[in-house]
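Across the two complexes that follow, chain A remains constant while its partner is chain B and subsequently chain C.
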Partner chain A sequence: MITICVASGKGGAGKTSIAAALAAMARPTCVFADCDVDAANGAIALGAATTAREPYFAGPGFMINSEICTGCGLCEASCRFAAIRSEGDPPRFMIVSELCERCGACYERCPIKAVVTYEKTAGELFVSTTRLGIAIVHAELVPGEDTSGKLVRKVRERAQAIAGEHATIIVDAPPGIGCPVIASISGCDLIIVVVEASASGIRDAERLAKLIVSMGRRTIAIINKAGLNPDMDARARDMLKAMGIPLAGEMPFHPSLRSAEESGETWMTVDSVARHSVASALRAIQGLIDSIGDGSRVAAIEEEKP
Partner chain B sequence: MKYALPTDDGKTVSKVFGRAKNFAIYDTEDSSYAILENEGADSEHGAGTGAAAFLATMGVGSVVVPEVGPKAAETLEQAGIGIESLGTGISLDDAIAGIRAR
Partner chain C sequence: MSSSRPATIAVASGKGGTGKTTVAAHLALASSRSAKTLLVDLDVEAPDALGYFPSAARVGPPKEVMIAVPQLLKDRCTGCGLCAKSCRFGAILSIGGVVTIDERICKGCGSCVAACPAAALAEAEIFVGVVSVFENGDLRLLEGRTAIGDIRATAVVEAAKRRARELDCEVLIRDCPPGVACPATHAIEGSDYVILVAEPTDFSLHDLGAAVVLVQGQSIPVGVVVNKDGFGKANVAGFCARHGLPIVGRIAFLRSRAESGADARLWEDDAEIMGEMEMILERALNEVRKRMEA
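Coming up: the complex of A and B.
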């Protein structure tokens, strides 16, 4: 089993598009793990139909048992988020779940244990099949929930359980460099950094690169949306060189790539001038995967069309 | 000195640090060996820093692990715990034999 993570720092840099192209190349022995759990769109890119779903419990929720509450108000005084409201006289206290940060201060403070815990659903985990014939594991958080590091771990564990011994797991990471990204990168055999050839794209990719280097992960980069501004392309290459990250290739900013997605295809099937760039970058990535040498193969890359 | 090695299955060194299910603790003083559950493995967030703090309270002097996240590394450093890296997929027995052979 080999795990490849696609990350970028900046959102909208092309992570999911490149991850989907890799998945198309790696089928049928591939499982797609969409770890962008705050805004998952791998299922859209791959045309998924959900086959299994299960609730995701982040941690305990809190509520007040009105049968035993004496109305002392210590819970309200202990809440830093003004999530506890009272009604009536004598007051009856209740926790507004949308405002509750689940810190547990009221639970600790209540002298008669009238604050009780319950299993709060924070999201849902899905296993779906895609039109590429591969499985995708994805998830959705309930708005306002912030437990994405743990949910990323659950998505990856489920993908590992589905994947066979010689399968490739493609991890589509969220943007940023925080908890859910670290949970996406950790333990991966290869990280593909997607650098959008723009000022913010380069800066965010550089911050991500520093994180990856600090974790000692094997890394290769793709510059996306190249050719719009030669100066930006050069800056992206210079940044990667300074960070010591090899470049697999550059994807042009080409209308055919956009229309491929609009018609539900991956970049692997693009039949245009852009195909050469896509195939050449994916071939470089394949070479690196081969050098990891655990016997897994992403796939044979089709011969280029003349 | 006490060494901590993350492990999910109790047989091989885990690829990850903070969300490993257990820590194997090997003490070179008396050659004792124990597997302790990492209660923070399922944390919503802060798994790495939590694991580092836990190992600090256990008096661990060094962790032996394929990778450590940036915040966990900072916490380990502040606690005076060394970080030694090793490759992935290595058995606990081999890793501990490596420590013992020093």
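Coming up: the complex of A and C.
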């Protein structure tokens, strides 16, 4: 089993489109794990039909029972996240759920158990089949819920359970470099960094690259939306060179790629001048995947033969 | 508008790369021509707003964002394990009376320190990010930035929000992170109006739906700006009509705009865009005024 993660730092750099094209290339022995659990678009890109779903519970939330709260204020004093506020005189305390980190400090501190827990569904996990014939594991986090990193791990675990021994798992990471991105990258055999050829795209990809280097993961890059601004293309190449990350290829900014998606195609089968660049970048990545996969192990053993 | 409480407009989207930072930077620029304006970059994992203002000058030293994490005093620890039991983040392990603390996933809530009966946990501050202030002509900018590899983005978002409250301004524009999880929730919290930037793609509409749920869950009025209008075929207007969302502005897709936008160049001489920004701003401020009066 080989796990490949597509990440970018910046949002909208082309992660999902590139991950979908890779899946189209790697099928049939491939499982797609959409780890952008709060903005999941893999199922749209691959045309998914859900076959199984299960609820996701993140752990308890906290609220204050105003019927029994005496207004002592110990909860507010115990909260380090300024998530407890009071109104009126005598004060009535309440938890601002948007700011609550669910640490339970107020719950432990309240002398009369006026802070109570509640369970609620924090999201849903899906297994679906796609137009490509491969399976996709995806999830929808309930907007405003936290613990997206934990849901990412669940998506990856489910993808591993489905994937066979010789399968490739393609992980579509969320934007940013935080908790769900680290959960997406951890343990992957190869990280594909998508660098959008823009000032923001290069800066964010560089922060991501530093994270990946600190995690000791093997990395290769694709420059996306190339050709819009030659200065940016050059700066993207320079950044990758300075970071010591090899470049698989450059995908052009071309309307045909957008149109391909609108007609339910991946970039693998796009019919335009963009095709050559896309195919050549994806072939370079496939070559790398083959070299770290079973192929290289078999080749190494073959070489040992007298 | 009162100087003690600025009108706070958050720019968010759900999907990344739809143009949040572009819209936030141009709104801030338009606003700074008539009002004391602060642009706050709360996309702390990937902060890019400052990139639109290359001649911005730093005001004062960057402020480190620190959180207090527990340190084990081994000679006092009895190995009772109550600290591990109190931690809801799995940051403390107690196995056979041996306690280990993973400060990378500790949120600094202090529950373990309160739970320890032997006063065997001291606290030490660790660095999770920085908050910096800049000036660009009449516009002030504030940026939160996480340390690479740190997962406590919300601590940096909240530190940036606190710092913003210390700065005097009439209009505050927040550039929010993508998604609808905790960093976005914290970035939107406390704002008076939210602008959701959408592009005409199926991906964007799907994520816009989630962002609407997030914002409406916080009972904040919302308007949609259609960016890259004409770039794709997805029907943003139809989506907005079905969800009762007003479209408050449009930016047409032009290849020339994509070219200069790639370099984060401001379109300050583009009368069409700056006119659109003024209209969006006026509409947003009207909504804020109505809300403050209510």
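Simple rule for what comes next: the second predicted complex is superposed on the first by the 240 of 306 C-alpha atoms of A that agree within 3 Å, B and C clash if a C-alpha of one lies under 4 Å from a C-alpha of the other, contacts with A are read in each partner's own complex, and residues count from 1 in each chain.
Simple rule for what comes next: contacts are C-beta pairs under 8 Å (C-beta built on N, C-alpha and C of every residue); 3 or more make two chains touch, one makes a residue touch a chain.
As the structure is a computational prediction, the values presented were derived from the model and not from experiment.
Overlaying the two complexes via chain A brings chain B and chain C into a clash. In the superposition on chain A, A:Thr266 makes contact with neither chain B nor chain C.
Legend: residue contacts after superposition of the two complexes on their common chain; A:Ala58 is shown touching chain B, with no touch to chain C.
Within the superposed three-chain model, A:Pro174 lies in touch with chain C and out of touch with chain B [touch as defined at top]. In the superposition on chain A, A:Thr219 makes contact with neither chain B nor chain C.
By the touch criterion defined above, A:Gly187 reaches chain B but does not reach chain C. Of the two partner chains placed around the shared chain by superposition, neither chain B nor chain C is touched by A:Ser277. Looking at the superposed arrangement, the partner reaching more residues of chain A, out of chain B and chain C, is C. Of the two partner chains placed around the shared chain by superposition, chain B and chain C are both touched by A:Leu211.
Within the superposed three-chain model, A:Arg153 lies in touch with chain B and out of touch with chain C [touch as defined at top]. In the superposition on chain A, A:Thr130 makes contact with neither chain B nor chain C. In the superposition on chain A, chain A positions 59, 146, 148-149, 179, 182, 211, 214-215 are in contact with chain B in one complex as well as with chain C in the other.
Within the complex formed with chain A, the chain C residues making contact are 14-18, 21, 43, 45-46, 48, 51, 68, 86, 88-89, 107-111, 114-115, 146, 148-151, 153-154, 158, 177-186, 188-189, 201-203, 206-207, 210-211, 213-214, 217-218, 231-233, 255, 258-264. Taken together, the chain B residues at the contact with chain A in this complex read 14-19, 42-48, 66-70, 73, 85, 88. For chain A in complex with chain B, the touching residues are 58-59, 146-150, 153, 179, 182-183, 186-187, 211, 214-217.
Taken together, the chain A residues at the contact with chain C in this complex read 9-13, 16, 36-41, 44-45, 59, 78, 80-82, 96, 98-99, 101-105, 108-109, 140-141, 143-146, 148-149, 174-182, 196-201, 203-204, 207, 210-211, 214-215, 225, 228-229, 231-232, 253, 258, 261-262.
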